[in-house]
Amino acid sequence: MIAALPGVPLLLGLLGLLLSPADRAGRKRAAALGVTGAVLALALTVFLLVTTDDPEEIHLDWVRLGDLDVTLSFSAGPAALYVALAVTVVALAVQIYSIGYLHDDPRYAPYAAQISLFTGAMLLVVTAGDLILLLVGWEVMGVCSYLLIGHDRRLHEAPAAAVKAFLVTRVGDVGFLLGIALLGWSARSFRIADVLASDFGATTLTAGLLLILAGVAGKSAQFPLHTWLPDAMAGPTPISALIHAATMVAAGVYVVFRLYPLFAQSPTALATLGVMAAVTLLLGALSAMAQDDLKRVLAWSTVSQIGYMTGALAVGSPAAALFHLLTHAAFKALLFLAAGAVIHAVGTNYLSRMGGLRRVMPATFWSFVIGLGALAGLPPLAGFWSKENVLVAAAHATEGGEAVPAWTAWVVWIAALAGVLITAWYSTRLLLRAFFGPSRAYGPDGPDWEVGFDDARYDRPGVAHDPPRVMRWPVLVLAVPAALLGLAAFAPGFRTALELEQPHLDVAIALPMLLLVTGAGTAWWLWRAVPGADPVLALGRVQPVLANAFYLDAVQDRAIVRPVKALARAVKWTDERVVDGTVEGAGKTATGLGTLLSAAHRAALPRAAVAVLTGALLLGVVAAIYGASA
Amino acid sequence: MTVADALLLALGVVAVGAAALVVTSKHLVRAGLYLVVSLGAIAGLYLVLGAELVAWVQVLVYVGAVVVLLLFAVMLTRAPIGASDDLDRPAWPALLVGAGVGLGLAVLLADAFRWAIFPLPEAGTAGRMGEQIFGSWVLPFEVISILLLSALVGAIVLSRPDIKGRGE
Amino acid sequence: MIPYVIAALLFGLGVYGVLRRRNAILVLMAVELMLNAVNLVFVTADVTTRGATHHAGAVFTLFIIVLAAAEVGVGLAIVLQYYRLRKAVALDEVQLEGVAE
Amino acid sequence: MNEVLIAVLVAPALGALVAALLPERAGRVAALVAAAVTFLLTVVVALPRGASGPIVPWLEVDHSWIPALDVHFHLAVDGVSGPLVVLTGLLTLLCCAYTMWRPPSGRTLMALLLVLEVGILGTFLAFDLVLFFLFFEITLLPMYAVIAGWGGPDRRRAARKFVLYTLFGSVLLLLGVVTVIVAAGTADIYALTGGLGLSRTTQYAAFTLFALAFAVKAPLWPLHTWLPDAHTEAPTVGSVLLAGVLLKMGTYGLIRIGVGVTPTGAAWAAPVLAVLAVAAIVIGALICLRQTELKRLIAYSSVGHMGFVLLGIATLTVTGLQAALIGNIAHGVITGLLFFLAGAVKDRTHTGDLAELGGLRETAPRLAGMFAFAAIASLGLPGLAGFWGEAFAVVAAVQRGGPLWMTLAAVAAVGGALTAAYFLRLLRRVTHGAPVPVDALPVVSRTEWVAWAPLIILALLLGLIPSLVLIGSGDPIGAMTEALR
Amino acid sequence: MTQSINHLALLPLYAAAGTAVLVLIVDLAVGRRSAIFGTAAAGALITALAPVVASTDPTLCVGANCSWAAGPSSALIAVLFAALTLGVLGLSTRVPAPPGEFCFLLTCSMTGGVVIGYAGDLVTLIVGLETLTLPLYVLTGLRRTTAGASSAVTFFLVSVVSTAIALLGAGLLFAATGALHLSALTPGAGAMAPLASVGVALIVIGFAFKVAAVPLHAWAPATYDGAPLPVAAYLSTASKLGGVVALAAITSRLDTGPLIAVLAVLTMTVGNLVALRQTRMVRLLAWSSVAQAGYILAPLVAGGSGVTAALAYATFFVALEFIAFAVIVALLPPDAHGGDIASYRGVARRSPWPAAAFVLALSGLAGLPPGLAGLFAKVTIIDTLINTGWGWLAGVVAINAVIALAYYIRTAAILYASPPGIAVADLRLPKLPIRWPVAASLIGAAVIAVILGFAPQLLFTALGYTEFVPLLSR
């Protein structure tokens, strides 16, 4: 039963890939397959959630290499099922939404199939009971992400972004694979249950966990492997919603959650995770402040929000992390889908070309209000509750006594608080720039529609309006959990599933609330002070630094990409000139010797006689000496 | 030094001296004649060494036949009778190798045999030699007859330009 | 021992002649010197060694003489044929490589 | 039943003979039939059977052939060679089918492919050292003929380089084989497995020779330079067979003979081998990053993949060797597919220059899709065939422990990331980007489907059910490495 | 002290010599070309059968030493000589010579070869060798062209000089030890040791000339190129075999390892390297046969235990080399001689079967399948070398095999290449009829080569080598 959860979408995805991409009927079939896959997965998840009380587990032998068993193990506790629920809901929403969003894309069929594949892979990660199996899902997700980012053929930066996304995560996966190898070998099994139960040496454990963290950092866009995520926004917006906001990027968090008993034994790993989380949290938030591209603002905010989740893990509260994961999935998917509607309507990603959309797109506007509110942590929206949980856990950990060192908890806590302030600021800025004030769609030279910035569209947009039904409904449906999921913390079933504590509102919420209001207020004040100007200009010379995300892309380019390319050039040269040169040289030498020798034979007979007799003489002398010595 | 030794030495000097002239003479015909002298001296050596039959065969076959053949060849190739300057090519490789071979062999043999005195054996008369050949060496004798026959036929085939192959 | 040294010197002179001479017939003469040197070695060896068979060296010598005669016969025929075709008996012109047909 | 082993060699040989004698059209049909029959026979041969002991083969025939050289006509199949045998049968069949409807001179080409098949199958089945060497050599000239007769513009040079370089390898093999035979007094591989009766020095010397010989064939950096030239110039089917199974003779030999017969030597040389293997992975990947020719790039990727296989072998653990086995098969399937596709791309665009290719996913979406699939399979995506060999080579290196092996594992894993880098660069150049005009054949023809579909299915199937390959290999490999424990 | 003669044992000699004499008589009495060739061929056939039925007892003995002593391989050698003669007769349909004399000389040479195989003393050996060689001077000079005459002169002079060297060696050995019978050969003792070893060395050098070993090889390419093709075929097979047998007779009894090793290394390396640069077909084969001589010499370093391998290799080699020459004869237009390798371009399309035979021959010479015979030949010598502790020499052989393949494969590929500017498919070459004796020889040789390839044990059994004996492990 559990195996079918990832199995069904994977199978339907594979089937979908076989469809002919071009024709009209194929399009319908592709849409049907995609939606069916998502619906089936959702139904299965709900069914499992409703019927099972105990975690269901399956173990099948898969393959045995030497004395290492790899098993087909699935296990899904309630927590996993809730994550699966989030995944399937968002996936269904995105599948439906995409039908409208890509209505004139000739390559829709593989796109839909790839979403199905992705869904299956993500569900595989969620339900896997074996590290190798988990790795399978993990990497298939990566590939789907790659394929979908590079989907838009007219966007010249899309292929590069796709490659970058895959490669950066792949670098992390080097560590992930090594970590799995180390842990699996030390435990003599790759089954997660066995790995969790086995007794590692401290060094092995820390090394293995740190290696796994590298993979987590890659997949979940944590510093320093976060650079791919903003670029990945080159993909179609529904993809950004599904993969690069709601699900895949959270997979890292989920893996740490899954292996948390091990992390709890290793303060070093937790401290590393904590520092990583704090840096990522602030880095993402600060970078989000200065972006002009709507999707990039959301992307950086994703980076920052995942920092909250990892921070929660670091300070010893996996439950808070998971809770935030779920709420974030809801509100960020909502935001992206709504952003897609905006982009679909105005034909540009740039905030500087929007403005005043509140009047023409009311539904979208209210979706945005809910989503941004949840993002900023405005009570009683979902984000408030989950973020509150994280802050409480961090504050609690600063008192010491937990697995994590107290200083790490302090770092996380302070960063999280600062994050609240900044998040409120950029959320407000986004809302104001896009939906309030006058419309800036018309530049001095008339409509400013730029080919290449509206992904998935092949005709010019008309007047901005709310999206068609097939796109509107998913947005509206997602608005519900984005608003209300936080209240689920009061539902006992849900709480026990996540092992969440009873939410209690006390004075501790005052500080974040204050910061929230300060942030939002400042943004509003700046916007009001100079009408039409971007509030971020107030930052002065810091603004380009933030807009370029502290130039970490350039650093990565200089420190890694270029050296690797130079190395490749040198290696290729060596291979051609030195290695192959030796081979070719050996051939040339033989030929040259042959020429030389045959030239020596181009002589008259007497030379031959001389050679014969000289040879005889020399050999005779040698023989005489040899004979004398023998 | 016995009489035999003295004879050997004297004949040896003649043989070597004549041989030296064979390979250095500028006259083709004279070289042939020096060869006769050298071969004759060698025949003398055979006599001293007790190989009577060999000595006579030497005189008959070599002096009588081979040298005559050679001289005929000289004439047939219309070689100049007088001195000619184009008989030789640069000397140093030949000198080097020739001297090396000669002296090397001399040293080798001299080192092996020193001044050991050997009694001269009973003379190898024709009768004894015949006994030997037909007693111990029948097989090579038979084979060499084939060899001679083929040499004969071969020489004829080559020398008669009127015998032409049909394939040509 | 004296005959051995004589034979050695004769052989050396023969070698010298083979290498020095340009005229094919003179080269043949030098070869004859070499063969005679060999003969001398055999005959002398009859004296200095006591082999399993008496006079074996002398017998071998006889064979060599016949052999030499046969070879000279054929050899001269070859040289003469060469002379007929090339009008020369200089061996320098006998090329080992790259003979044009 | 054991006679099937002989039949599996006789069928392609007869097929080649008949194809060579018949006229063009009938010859092709005969060759195709022979290839199909052979494939069925290989399946029969390689069906896993219960064996009565760890190193008792599934099937075996043994006849004395040349007593003077102690050569026996000894064929056998077990879990190590079985999958390779089937792969050989399959790829040859696919290549023959692919050639069937492609003029000109298809008959001769198919006959040569069948002869190649005889050599390759023989190599995998031979259980006598001299016989192994003999079959090893059989492949040389047909492959030369395939490259030199049907290859690209610079085919002669490439073919010559291929044949001379690999002959260099195989004469070293001969030296090694003879060294072992002389020292042990037998050429029977089963009797020799475990290195019994061979002194330490003999094993060192013999393994050095074996390793060099198989390293040329596999090929292992820095003995690989014949491979890119050969692949670049070879016709599609030539490349497929070359990459698909011919290279496997090297790695199979290293396992069966290098590790099996001279385990002490293998243990002695393992670190060197492993370092070179990892160097091959990284260097192959780096060169691919700068490569501008499609088939050349795939050829260099083979260097990297075979590096993983050799790393697996060098660990000398059962895990590593099994990883090498499945890596072998996976590489055969995936790279075979890649070469088929690269050939198809070159057929349609008439260029292999990456700078001149692009936009294939718009001009030929099916082809582009399959190309992407093959590339992704080749970069070792979990769930596809390529994953197991690469990942478990790394796992096996980790298993060996110690700073050296840990470093090697890490570097190899980084090499895996680089592999992804160049394949994505390749896809970006070929399928993405601005489209270039293609020939009138943008659709995938039926012949091509027939040739490709089995490989695509296998790439997926082996990824999902790796036991297909590994099921019978544990015991024989365990027996080989017994001496090391 | 008359020797007792076992005539049954001498049967091969009688058959061979009788053939020669009979040919001469038929030439005189009948004179028809077909009759002469028929007689010669029948005689050669009988000679080939004679060793099989002949008694193997030694005869013509002096005490324990015999002049006619059948060794384990004598019969095989005699058969080989007779078979090669038969084959060459088949190829000689266009030889520019009077048929009677041609056949007579060839059969005389065969007689020499038969004698070598059975020779029990140095005198017989050398006389036999000369009987093998001397008719060849004449046969080489049969083409009345400058090249033919030049090659005859070259062959003759170098041969005479090397005979002189060999004879001197025999003389020195005799002086040192007093032995002329092979079975009585001993290394010299005491002060005689250097003398004896120089003697042996000189004999080896003199014989090495026959196999065209470097540095005594220079005659070979010029001579092969100048001689009529069938004679060249004979020179490179039978004459070479004679040299090998003679060498084996010496090296199996006296230690000449280092000397042979030097010769072998020089021969194979120089031969192969020079062959790389040849552009004429016959010269290429000539140089390749020089190189092959190196491989044949190599196992002789091991003394007696290497003889079988050397003879086995020589047998495989002569079969393959004969095929190569036979193909050239078959493919040649009537008036050409050898010709440039380039002129063979695309020949396979015109004559697929001879071309296939050529590939068989060249691949065998290179030691690769489908020339299985050549492969086993290489395996045999490497086996022997390693088995007797000459591993490094085996290495040299191996490296040389690689160099050699470069030119073999280039040559074989030419046959299948299309001429410049013409697609292979459009190539139309005139059909050339192949005369039936040539075809018969070619087919016979090819069949033998294939049989030897699949069942090399037949040959090993004939050489008395029935079981592999590892020497090192003991």
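For reference, chains read A, B, C, D and E in written order, and residue numbers begin at 1 within each chain.
What we mean here is this: a contact is a pair of C-beta atoms (placed from the backbone, for glycine too) under 8 Å apart; a residue touches a chain by one contact, two chains touch by 3 or more.
Worth saying up front: this structure is predicted, and the values here are computed from it rather than measured.
Student: Quickly list, by label, the chains bordering both chain B and chain D.
Tutor: Intersection of chain B and chain D contact lists gives A, E.
Student: Between chain A and chain E, which partner chains are common?
Tutor: B, C, D
Student: Let me spell it out: compute each chain's centre from its C-alpha atoms, then which one is farthest from chain B's centre?
Tutor: A
Student: What chain pair shows the greatest number of contacts?
Tutor: B-C
Student: Using the mean of all protein Cα atoms as the middle point, what chain has its own Cα mean nearest that point?
Tutor: If we average C-alpha coordinates per chain, D lands closest to the whole-structure average.
Student: Would you kindly tell me how far, in whole Å, the mean C-alpha position of chain C lies from that of chain A?
Tutor: Once rounded, the distance between the two centres reads 94 Å.
Student: CA centre of chain A versus CA centre of chain B: separation in Å?
Tutor: Chain A and chain B have C-alpha centres separated by 100 Å.
Student: Distance from the CA centroid of chain A to that of chain D, rounded to the nearest Å?
Tutor: That gives a centre separation of 36 Å.
Student: Taking each chain's centre as the mean of its CA atoms, how far is chain C from chain E in angstrom?
Tutor: 25
Student: Two or more other chains touching the same residue: where does that happen in chain A?
Tutor: Residues 587, 598, 601, 605-610, 613-614, 616, 620, 624 of chain A each touch two or more of the other chains.
Student: Among the residues of chain B, which ones contact at least 2 other chains?
Tutor: In chain B, residues 89, 93-94, 97, 100-101, 104-105, 108-109, 114, 136-137, 140, 144, 147, 151, 154-155, 158, 161 touch at least two other chains, as defined above.
Student: Do you know which chain C residues sit against two or more other chains?
Tutor: 4, 11, 14-15, 18-19, 22, 28, 44, 48, 53, 56, 59, 63, 67, 70-71, 74, 77-79, 81, 91-92, 94-97
Student: Using the contact rule from the top, write out all pairs of chains that touch.
Tutor: Final set of chain pairs in contact is A-B, A-C, A-D, A-E, B-C, B-E, C-E, D-E.
Student: Where on chain A is chain B touching in the complex?
Tutor: Contact set of chain A toward chain B: 606, 610, 613-614, 616-617, 620-621, 624.
Student: Using the touch rule from the top, collect the residues of chain C that touch chain A in their complex.
Tutor: 15, 18-19, 22, 91-98
Student: In their complex, what parts of chain A are in touch with chain C?
Tutor: So the residues of chain A in touch with chain C come to 598, 601-610, 613.
Student: Touching chain E in the complex: which residues of chain C?
Tutor: Checking each residue of chain C against chain E gives 4, 11, 14, 18, 24, 27-28, 31, 34-35, 37-38, 41-42, 44-45, 48-53, 56-57, 59-60, 63-64, 67, 70-71, 74-75, 77-79, 81-82, 85-86, 91, 94-97, 99, 101.
Student: Once bound in the complex, which stretches of chain C touch chain B?
Tutor: 1-23, 25-26, 28-30, 32-33, 36, 39-40, 43-44, 46-48, 53-56, 58-59, 61-63, 65-74, 76-81, 83-84, 89-90, 92
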